[in-house]
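Two complexes follow with chain A in common, the first pairing it with chain B and the second with chain C.
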Partner chain A sequence: MSVHAAMARIGRSSAPTSGTVGSRRTGWGLALLLTPAGLLIGLLAACSLVILRLSFGTQSAEWVSWSLGAYATLLDPYYVLIIVDTVWLALLSAVITTIVAFPIALYMTRTPSAFMRRMVLVCIMLPMVVSLLVQSFGWMAILGPDGLLNRAVALATGQERIISLLFNRTGVLLGLVQTTIPLAVLPMAAALGSIPIALEEAASVLGASRLSVYRTIILPLAWPGIAAGAVLVFGFNTGAFVVPLLLGGLKVTTIAVLIRNEMGPLLNWPLGAALSAVLVVLALGIQALNRLVAPHGRHA
Partner chain B sequence: MNEITHIGRQGLEAAIVKGITLVLILLLLAPIVMVVLMSFTAGATLQFPPPGLSLRWYDEVWSLLAGPSATIARLAESLAVSLQIAAATSVVCVLAGVPASYALVRARFPGRGFVEEMLGLPVVFPTVVLGVALLMLVSQSGLDLGMGQIVIAHAIIGLPFMMRNCMAAMRGIDPVLQEAAKTLGASSLRAFVEIVLPLAREGIVSGALLVFIISFNEFTLSYFLYTIDVFPLSIWLFQQSNTSFSPAIFAVSTLTIVITVAVILAVDLLAGRKR
Partner chain C sequence: MSESVPILQLIDVSRSFARGVVRAVDHVSLEVFPGEVVSLLGPSGCGKTTTMRMIAGLDHPSAGDIRVQGRSVVDIPPHRRNIGLVFQSLAAFPHMNVRENVAFGLRMQRVPQRAIGERVDKMLDLVQLPPAEFAGRYPRELSGGQLQRVALARTLVTEPKVVLFDEPMAALDRRLRDYMAIELRNIQKRLGFAAIYVTHDQETASAMSDRLAIMRAGRIVQVGSPVVVYRSPASKFVADFLGDANFLVPQSVDSCGDEHNLVRVLDMVLKVPGERRDGRGQPIVMCRPEHVALSVRPIEGGICGAVVASQFKSGAHRWQVELPDGQQIVAQSTHDLDFGALPDRNVWLTIHAEHARLLQQ
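Now for the complex of A and B:
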């Protein structure tokens, strides 16, 4: 079991275990073992409650008053549009990421070289782990006005600075896809790896073309993994903050960026909290989709 | 005859998949490679291609780190703070994650599925909301936790990564070994310390390393929780990029990339050794 495969199961429950040594363990022992982790998760739950309380407050009397004003403000078309746009951007990034992830996952499961498999894993992990800030510097050097891409285009066409991908939606989408590739690849690779090669061989012997092997065997059998990865990316990118902040150049506003603005510079805590509540419900709701599209989770 | 064309087509398909994969990986790594490349520029801007290669920006970073002007940009302090936060976060995650993993792998109890769900929650919980809420809690309570508030925040998001690695390692341990130890008179605690911990060592260490590097590179939570006294490297980079955009930032960034690649390779090596 590799660490990466282990990471692929993040956010999913696992199969029941075989051995139980602790059947005689008292409830107290169990509680003791779970306490430290429980405290951390408890703090997360407390954070949710704080946000919920604040969202029902009024500005400058956040902790003492009760009001639905913040939620009413959210019905303003300006906020509705940003919420819809954030979800749309996340959905788009999930679709693109899934398409990009497929050949990588396929290669990882089919290559006979264990070394190549591990190198590919390391390579797709890096964009997720290396600081996004650092990578945004790299994107600036590539996509900026005097960057690699524009220099190359200038050399080829003689026109200066014609491509502008930085600080707009395209740049943000690029960043969203790049940083979430492993979330899509890992469950997909696990699902593809569980397909017996004999099934494909049988189909080929019976005269199926490669295309129909993909359509009738590989894609349907890998579907739980594909869907799990797509949903994970979708939910994850709904909360996107650093990518739009750094690659969007203040022109791309997502729910998370809006929360920062309301909580920070604008000091409208109830509105920021109401937006946070919406974001939490969206992110957890999307994650719950996982149960619908991949109910058995056999790939995990 | 049929057989040969079949294999030939399979070979072609494999070659296409490999080709696409390598191109995609090149694109995914492009910004990281670019940062490393531009850090060696001889120029003073991010002009591409660099007018020449030199180590002048590394020289400047070195003087920022070690020279007499070390206090001005606070680079050395930020680096130290980030490394301390990352190390402390790893320790917290080990202390919280190892016992919880053990409980989930070895015990069956009502609500076990729910507990496992809850422990996976930080992965899907929006980081911005966590950061904002913690900031509210800290500022309302008036507590001065110093580095502690960032460590706790990082530990929350690192815990699931720690636990998945731990649990994977602990699942591979035959429960019979523990039973044998207990039959021979060892206490539950001793059986855990002498049987489970050594056998799960690779999983625990790779989980801790992963948490370390996630914390070291983390931006969002640090962004909400940093103070003038606790100023992590990610925040230093953010502020520098907003004020003076010199290739020296790329040299510092390359430093973080080298640390990250080293840790990820170490995690992979551990995983490989276990197999």
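Now for the complex of A and C:
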């Protein structure tokens, strides 16, 4: 199951008739309906191509010259390390988010109380409603040197400022995980929700311990949803900008932060454009990865 | 039933929900002997499924004890009970093919790979799914009847001493269900496991059980062989639930002392078996349609009624007759009855008193 299939499964209950409406309109009517979206996507695609063109230029002669200089610069260990580090952070956050999200998704699908299910869903969706900026400032208030966490620890232990989670990788990771939990929970919950309880009970009557039930029934059946969530988080976090900027305090640099620096203060557009191209290729590569980690679409 | 030691015992088992407000299962006691098929029969919501789930370990009794081969199992989790359960939904694992589905239980028991292959093949042959053709198929590629067989094979391959069936044939059409019932019974006799068959379908239950346990509102109201329960139901509910029954309100009941009663219904006086229990309940006479005889000529001791409806079903006539006091009674016979010469379709009706029963309403 691809990410799209997972999202479609989530959306299915809320918009079950959208397919029939579309199928009735054909030809010009459909073209007319697609125009706004087409314009937006077309504009974006055109801009992307402009960026691609920029990446093959040289600084202050972006439109007239052709050069691979920007890409050559990216081979510098400084940039390679940042690219690798970005991917590593995204990967780590994807793994942690997936592990954190699993029990939440499981609870959401298994609780008999409709109220609790809705409450969890609301809590899960909150990060998507609140701006990343606000969330990051929230983390700063908690993790800062004089933040809630350190005060609590100081109160409990009597020692001062012993935990430093802000302006380092741990802080960034924490932020990346928290802000992407909904992306992991939703496809996972959709996949878990489609597993009938009878399958678990059948397995346990047949001699499977609780652990075996997870290993042989739940995880394999929910795997497409789990993988879809993980790939979403991974893809989302390779382009992370606000969280590393605010919680990393310039000590953690990701590709997106680098692009902003090159495009903005440093005015090195070709290098920024080349970095953007790398980011896009990475994102596409991750999408392709989804097909590799979740190839079993036969029961999805 | 030749052995006298029960393989499964339910002793005063109760299960309450919603903090004791709802009592789904109410002091149920039942013994199942090796090689025996007992059907838990009752309308939906009577507690039969909850009872079955408690035996399997998927639910926990609020009170009472469940024993397998004399040992209490209430505190043993389902995966260590080795009780088979064929689910209503069949619950075939969709991500496993037929072979993997059937092998699952053996894999969990850590049976060596080689032995698993042999036992799975043997079991697939037994349920008539030739391994060469079916072993590699996935559940979505199978028909309802074939899924049924996979579910059965998956349960039986681990050789459980007791197998529970939760209406596994409810989704099948009548013809296939009858066929599967016969086949299931043959397999059961061959392998010799004890079975509890949970259903609301009294025909299938009667066809394949040694004994029926009729449940109502969380209680077992009668246990007995299908023949005994059909002929001598303990209550109006049981009589009504098992096949068709006529109920007539008698004008008077007089005990004869020998477990028979002289019952007056309209102008008929019948000597009907059945104990007149004092106290609760109105007495009522139950007779099956096949024990009501009709005649176009007056019969001594019979009563006159008017045929209001007739139908021909499964090779037998059924006539609905209205009695002078307004009560209706259904008669069944394989013989034809010529109504042509009848004014107002009036007939004379007699009841085989020995087959009727006096019940408490």
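We adopt the following convention: the second predicted complex is superposed on the first by the 268 of 300 C-alpha atoms of A that agree within 3 Å, B and C clash if a C-alpha of one lies under 4 Å from a C-alpha of the other, contacts with A are read in each partner's own complex, and residues count from 1 in each chain.
The working rule: a contact is a pair of C-beta atoms (placed from the backbone, for glycine too) under 8 Å apart; a residue touches a chain by one contact, two chains touch by 3 or more.
Since this is a predicted model, take the numbers as computed values, not measurements.
*Asks:* Once the shared chain is lined up, is A:S204 touching chain B (first), chain C (second), both, or neither of them?
*Replies:* So A:S204 meets both chain B and chain C here.
*Asks:* Quick one: classify A:T216 as touching chain B (first), chain C (second), both or neither.
*Replies:* In the superposition, A:T216 touches chain C alone.
*Asks:* On chain A, which partner touches more residues: chain B or chain C?
*Replies:* Tallying touched residues of chain A, the top partner is B.
*Asks:* For A:I51, is the partner it touches chain B (first), chain C (second), both, or none of the two (neither)?
*Replies:* first
*Asks:* Quick one: is A:T238 in contact with chain B, with chain C, with both, or with neither? Answer first, second, both or neither.
*Replies:* After superposing on A, A:T238 lies in contact with chain B but is clear of chain C.
*Asks:* Taking the superposition on A as described, I'd like to know which of chain B and chain C A:V280 touches: first, second, both or neither.
*Replies:* So A:V280 only meets chain B here.
*Asks:* First (chain B), second (chain C), both or neither: which does A:L250 touch?
*Replies:* neither
*Asks:* Examine A:L132 and indicate which partner it touches, taking first as chain B and second as chain C; both and neither are also allowed.
*Replies:* Once the two structures are laid over each other on A, A:L132 reaches chain B alone.
*Asks:* Looking at the overlay, what does A:A61 touch: chain B (first), chain C (second), both, or neither?
*Replies:* In the superposition, A:A61 contacts neither chain B nor chain C.
*Asks:* What part of chain A is shared between its chain B contacts and its chain C contacts?
*Replies:* Overlap of chain B and chain C footprints on chain A: residues 204.
*Asks:* Provide the residue numbers of chain B that touch chain A in the complex, in ascending order.
*Replies:* Interface residues on the chain B side: 6, 9, 13-14, 17-18, 20-21, 24-25, 27-35, 38, 45-49, 92, 95-97, 99-100, 102-103, 105-109, 113, 115-130, 132-137, 140, 152, 155-156, 159-161, 163-165, 167-169, 171-172, 174-176, 178-179, 188, 203, 206-207, 210, 213-214, 217-220, 234, 237-238, 241, 249-250, 253, 256-257, 260-261, 264-265, 267-268, 270-272, 274-275.
*Asks:* Tell me, which parts of chain C touch chain A in their complex?
*Replies:* The touching residues are 56-58, 77-85, 87-89, 91, 93-95, 104-105, 108-109, 138, 140, 154-155, 158.
*Asks:* Tell me, which parts of chain A touch chain C in their complex?
*Replies:* For chain A paired with chain C, touching residues are 196, 198-199, 201-209, 212, 216-217, 220-221, 296, 298-299.
*Asks:* Applying the document's contact rule, which stretches of chain A touch chain B when the two form their complex?
*Replies:* So the residues of chain A in touch with chain B come to 1-7, 9-14, 16-23, 25, 27, 29-30, 32-34, 36-41, 43-44, 46-48, 50-51, 54, 63, 100, 103-104, 106-108, 110-111, 118, 120-127, 129-142, 144, 146-148, 151, 178, 181, 204, 210, 232, 235-236, 238-239, 241-242, 256, 259-260, 263, 269, 272-273, 276, 279-280, 283-284, 287.
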